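Two complexes are shown next, each including chain A; its partner changes from chain B in the first to chain C in the second.
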Partner chain A sequence: MTLARQGDTLTAGARERRRAAAREGRAPGRTRIGYLFVSLYAFLTLAFGIAPAVYSVVLAFTNADGGFAGLDNFSKVVTDFRFWPAVLHVTAYLVIWLIGLLIFVVALALIVHALSVRWASTSLRFVYYLPGALAGASSVLLWLFVLDPTASPVSGLLRAMGFTSFVQVIQPGNLPAIFAIIAFWTGAGGWIVIMYGALNNISTEVIEAARIDGANAVQTALRIQLPMLRKWIAYMGVMSLAAGTQLFVEPQLLSQASNAIVPNDYSLNQLAYQYAFQQNDFNGAAAISLLLLVVALLLSWVFVTRGGLFEREE
Partner chain B sequence: MTTLSQQRRQRVNLTGWSGRAIAGVVLLVFVLFFAIPIVWLLFAVTKSSKALILDNPFALGSWADFTANWNQLFGFQDGAVTTWIGNSALYAVGALVITLVVSIPAGYALALTEFRLRNALLVLTLVVMLIPSTALVLPIFLELNTVGLIGSPLSVILPMSFFPFGVYLTYIYFSTSVPRDLLSAARIDGCSEFQVFTRIALPLAAPIVALVAFFNFVQSWNNFFLPFVMLPSSDGYPIQVGLTSLLASTPAFNPSSAGSDSVQLPTLALATVVSILPVLFVFLFSQRFLVSGMTAGGTKE
Partner chain C sequence: MVGIHTVGPRRTAALRVTALGAATAVLVLAGCSTGGSSANGSYGFPQATQDTSSTITVWVDADRQAAAKAFQKAHPNTKIKVVTYDGSANGSNSFRTKMQLFDRAGSGWPDVVFSSQNNDAAWASQKNNGKQAFAAVLDKGLVPNDTLSKFTPGALNPCTVSGQVYCLRNDLAQTVLWYNKSLMDRFGYTVPTTWEEYEALGEKLAKEHPGYIVGAQGDAWTPEVFMWASKCEANNITGPKSVTVKTDSTTCKRAASLLDTLRGDGTVPNVSVFTPEFVKNYTGKVLMMPGPAWYAGAIFNNPQSLNVPPGQLAVSAPLLWKGEDKAVTGNVGGGTWFISSHSTNLKAAAEFVQFVTTADDYQVNVAPGYPAYAPAAQKWIAKQDASKYFATPLQPIATAGSQVWDGWGYGLFSQEAVWAKTMTPAITSGTSIVDLLPTWQQAIENQAKVNGYTVS
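Up next is the complex of A and B:
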């Protein structure tokens, strides 16, 4: 991937960078236009990237009167009786979702890529991708219908699995799987398209060589294509893990639609929301948000510096 | 040579037909999985609530039932749905305009000019781009709450306009796809730095402007958590948040809501369709260039 140029690596020294700039035809020296063009973006980055993060750090370490509180807020939320169940819920959901995502996205991308009929491959990708248009509340609403045996298009299937009412479907034990299915339904198509693109980038000579050496389609997929997809699979895993910890809209709507059979503090983000809006405890809310933000930041940081997807391959 | 190719054909055939059958079944199962809910939804909006439960899920209802559902939806709370759609349009388009004005020059500056902290800003862009946008929602709420912006349209438009992914896409495009000789030639011909951008770089960047616009619009339109937190009053809801009000008034999911202004299941289905129509249109019309854009730099959900 030539996604970033060599001159942009963190280790490059200033002189080296300037030379690289000259070589690549960037405006020589520091021009005012650069500052002008980047000023608005820098302002938004400060206002909606750095400042909220810093402010939630401040809130998380202070009490309601503004005094320093040390780790009190953290110990308060962590010992909250709702905290660990929420962690457990989100973890169960993440495990099911990530495993499903990794297996099915990679398998589907490989199969679709192996199709020799062009229109079939194009239209399959489109069908898989289309649900991506329904994100957020719309997709959850649609799945409420699908999961309600009285109205569902697959009510036969639900009944065969022993579910005769909506309340039976949304038993607590089923929820992680349900959220995983909804997330997979909306998100998997985009990843299939990305994996497909990555497969297209593998040179045909490599595949041809494997075939001449006697590898069949399955062997080619497992021994050649899969290892070459590794970076993209890691990218998908990290992104999905980070996004999954933020679970909010699915349990929120399901809680509303089930008369609170699904609790409104099912996920960590919901718990943070409860702290801010039900208990008016912004410090507690900030503490939970900060924990989630740190997880996301760590994942993203590790990936940017170690993942290699955004650096030039040597 | 002939023995080799024979051997090869045999091996392919061994995994051949059974393997193909399995692959075909997998593809089909997932086509059904992805398509059935959407297809069913389109049929559901043409039915009465009784027909929705009793009839074949994939039978067409009637025009009369469709208009009845339509009237019920747009009559809900004296036309609240129209307000919500208007709000969604305002927020998404407002954010789109600001995003383009901010991101395209920023991507250009990062790629083709030199300034202090350029590398830091680049790394920061990458890191923030990879953070799920929901992670910053509550922190931004806490921040805007102290400034007193909560409830104002700006409280959603401005955070939506902070779009590092767009900056990153633009940066990649300008640093890989714009011939530098062209820019130098323009400078030699007497263009100022500003003119180099507006007359040379910007026209070349039309595809990436469209791509950034697409991703930003879809993300803003579908955004739920941010407006849900920022906008306390129903007048300010975008349609995504408005759906929760409709859901709360649907007796099938919330028995306590049976009243005069209650919403029937097909009407709720119609609301779902209406809420995604703009995004669906954009998806259908921009499919091809979208796919190339997504594979160009990876993407964030």
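Up next is the complex of A and C:
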């Protein structure tokens, strides 16, 4: 992942260059070939993003025969005995995961960035990124072994924590933390690399000025680097939130591997899946998906406004 | 500049390809929707227009590929296309999921489907949001009554909904009492005939030979082995959309208390037989094991699992409860074969399912499980007895085959999933099953209701 300097709003030059381009009467980069490049993406977004989303909105407000159903689907899923437990599960998971992600990703990126030994920094970044290179489902499969005390390479640790069998490890109370750890392990590396890139974008003049003023590494991190990373952290928050509310692969695979001891309706997304394919109720499934979307949008709005994601500094 | 020269022609070519692709897609879609005009058929369901020379598509799981191969060898003139899928195993529910998608698309159904589950008739026999039921009715002429009547009594219960048969059973999974004859002789014990004797022997074993076990209760089918065989009315499917659940009866309590006692002394541990933990801790230590017929091949005579040497494993008929005169038993799975009501070659499809469920070429010579078709089952037992692996004759398995209690049904929702999700974690955290019976009741009722059942 490389971050082009000129695209960064933290540097003053970009705005001026854009103004200059606007004065020439032509937006930068808008040639006919641009439309061709964007067309494939636009087509795929329409076909596999927008169209299904519109379809699910229609489904959510209609019944199985296609008639208008008002809010019936919503009241049905909200009163389902599995709905609120699923909300609680996803919330607990999100809280643990997002806090863990924010703290550890930023801390690890700062540490890697502060390393002066070049090869150590490079190899650490590579190691962080490595788990993310595994495809989602296969990395969860790997965790099935890690979590089983009889097969785990860290069985000593599991036993020290009082777990002697797989069933004990996957007790309901442990699941949010387990899913958060799996998600962190698979997803955090990519974010560390991105944060590292963002840290590289903070101009050396600022850091040098801080150093001349007598700031040590910790003070620089807290007073200079962290505030300047605010947008990147908010960006990570928004993206992770969107991914996190859609928790599915981890509980689904763990459910099959544990022969359903981890329920197949653990998360909201799984419940929607159950509605669609176990109960053949696509309308109910669409209603759950819409509820998820609304909640994720609201929470994202908090991140966007608090993180100043779309602010432009003058 | 080179770039600019080449952009024009390439772009036109790309557009041409896109247009061609779109046109093809339209053609394909049109082709899909024109297939088969429905007319009322002679077999009790609306049929598609028949073409007896068309290729039939057969969905099987990995283990049943051998069945398709045996069929091809015996019927080289019938064209079949074999598709392997997961057999709907481990709660994946893929059979139902895929058929519902085909229902929505209005095309694409396979002609024959094998399912490793035994509750698929519950949905496949029913109309789905107004769409024709997937399963073809088999007992209205499609499969001869003579063939149907030779299945082991009760074998087609999972396939029967409102008196009509919708699938053929591949194998039976009746529960029996497996035991290790060499260990029994060495310890000087006699094989129990009642559950009370079984429990007493478990407690005795815990004192005299700690570390040995008489069963396991960590699997999702624990209620099917113990509760079902105790006539616990937790899953009495009384109609296509009605179920009776009563877990507070004495029949449920006696089995629950037995499990609690023997879990307490470690002779029926809360561990799944399909975990590395089980193999590691209990290889050579299984004195008895109530379980389905397929345990023989799946765990005992399996180098990856317990790997019991020849001449030790023995089988005894299902246990009685004291004071009852007739033993009943439970059932854990047993695959089923369905014919699609949308098939355009019902003749070939019917020929196929009859072959794989009844022919010696597959059921006796190849199949690992106990055949549901009684004549094949007798030959299968003779073959197993001749193999000299077992220490006793296998006739008790055949006896148990017709003793499966019919008060436990085959509904739309999975009792195994309910048990695994509600009971196993609670048992693991130390609560007794007797105390959990009301929780179990509530969980079954909830699950039944969201699947559209009325609970009484």
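Heads up, the rule we're going with is that the second predicted complex is superposed on the first by the 247 of 314 C-alpha atoms of A that agree within 3 Å, B and C clash if a C-alpha of one lies under 4 Å from a C-alpha of the other, contacts with A are read in each partner's own complex, and residues count from 1 in each chain.
The rule we apply is simple: contacts are C-beta pairs under 8 Å (C-beta built on N, C-alpha and C of every residue); 3 or more make two chains touch, one makes a residue touch a chain.
Here the structure is a predicted model, which means the values were calculated and not measured.
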**Request:** Please work out whether A:Leu268 is in contact with chain B alone, chain C alone, both, or neither, and reply first, second, both or neither.
**Result:** neither
**Request:** For A:Gly189, decide between first (touching chain B), second (touching chain C), both and neither.
**Result:** first
**Message:** I'd like to know which partner A:Leu101 touches here: chain B for first, chain C for second, both or neither.
**Reply:** neither
**Prompt:** When both complexes are superposed, which of chain B and chain C contacts more residues belonging to chain A?
**Reply:** B
**Request:** Identify the partner contact of A:Gln279: answer first if only chain B is touched, second if only chain C is, both if each is, neither if none is.
**Result:** second
**Prompt:** In the superposed arrangement, does A:Tyr128 touch chain B (first), chain C (second), both or neither?
**Reply:** first
**Request:** Mind working out whether A:Asp65 is in touch with chain B, chain C, both or neither, as first, second, both or neither?
**Result:** second
**Prompt:** Thinking of the overlay built on chain A, is A:Thr150 touched by chain B (first), by chain C (second), by both, or by neither?
**Reply:** both
**Prompt:** Between chain B (first) and chain C (second), which does A:Ala51 come into contact with in this model arrangement: first, second, both, or neither?
**Reply:** first
**Request:** For A:Ser165, decide between first (touching chain B), second (touching chain C), both and neither.
**Result:** second
**Message:** Counting contacts the way the document defines them, which residues of chain A are shared by the two interfaces, the one with chain B and the one with chain C?
**Reply:** 33, 36, 148, 150-151, 166, 256, 258-259, 282
**Request:** Please name which positions on chain A make contact with chain B in the complex.
**Result:** 2-5, 8, 10, 17-18, 21, 24-38, 40-42, 44-45, 47-49, 51-53, 55-56, 59, 104, 107-108, 111-112, 114, 124-138, 141-146, 148, 150-155, 166, 185, 187, 189-190, 193-194, 196-198, 200, 211, 214, 216-218, 232, 235, 238-240, 242-243, 245-246, 248-249, 252-253, 256-259, 269, 272-273, 276, 282, 285-286, 288-290, 292-293, 296-297, 299-301, 303-304, 309-310
**Item:** Contact set on chain A toward chain C in their complex
**Value:** 33, 36, 64-65, 80-82, 148-151, 165-168, 170-172, 255-256, 258-264, 277-280, 282
**Asked** Inside the complex, what are the residues of chain B that reach chain A?
**Response** 7-8, 11-12, 14-15, 19, 23, 26-27, 30-31, 33-41, 44, 52-53, 57-58, 101-103, 105-106, 108-116, 118-119, 121-128, 130-132, 134-136, 138-143, 145-146, 158-159, 161-162, 164, 167, 172, 175-176, 180-181, 183-184, 193-194, 197, 218, 222-225, 228-229, 240-241, 243-244, 247-248, 250, 252-256, 265, 268-269, 271-272, 275-276, 279-280, 283, 287, 291, 294-295, 297-301
**Residue numbers on chain C that touch chain A, as the complex places them** = 7, 11, 14, 90-93, 96-97, 100, 104, 123, 128-130, 218-220, 270-272, 274-277, 280, 414, 416-417, 420-421, 424-425, 428-429, 446, 450-452
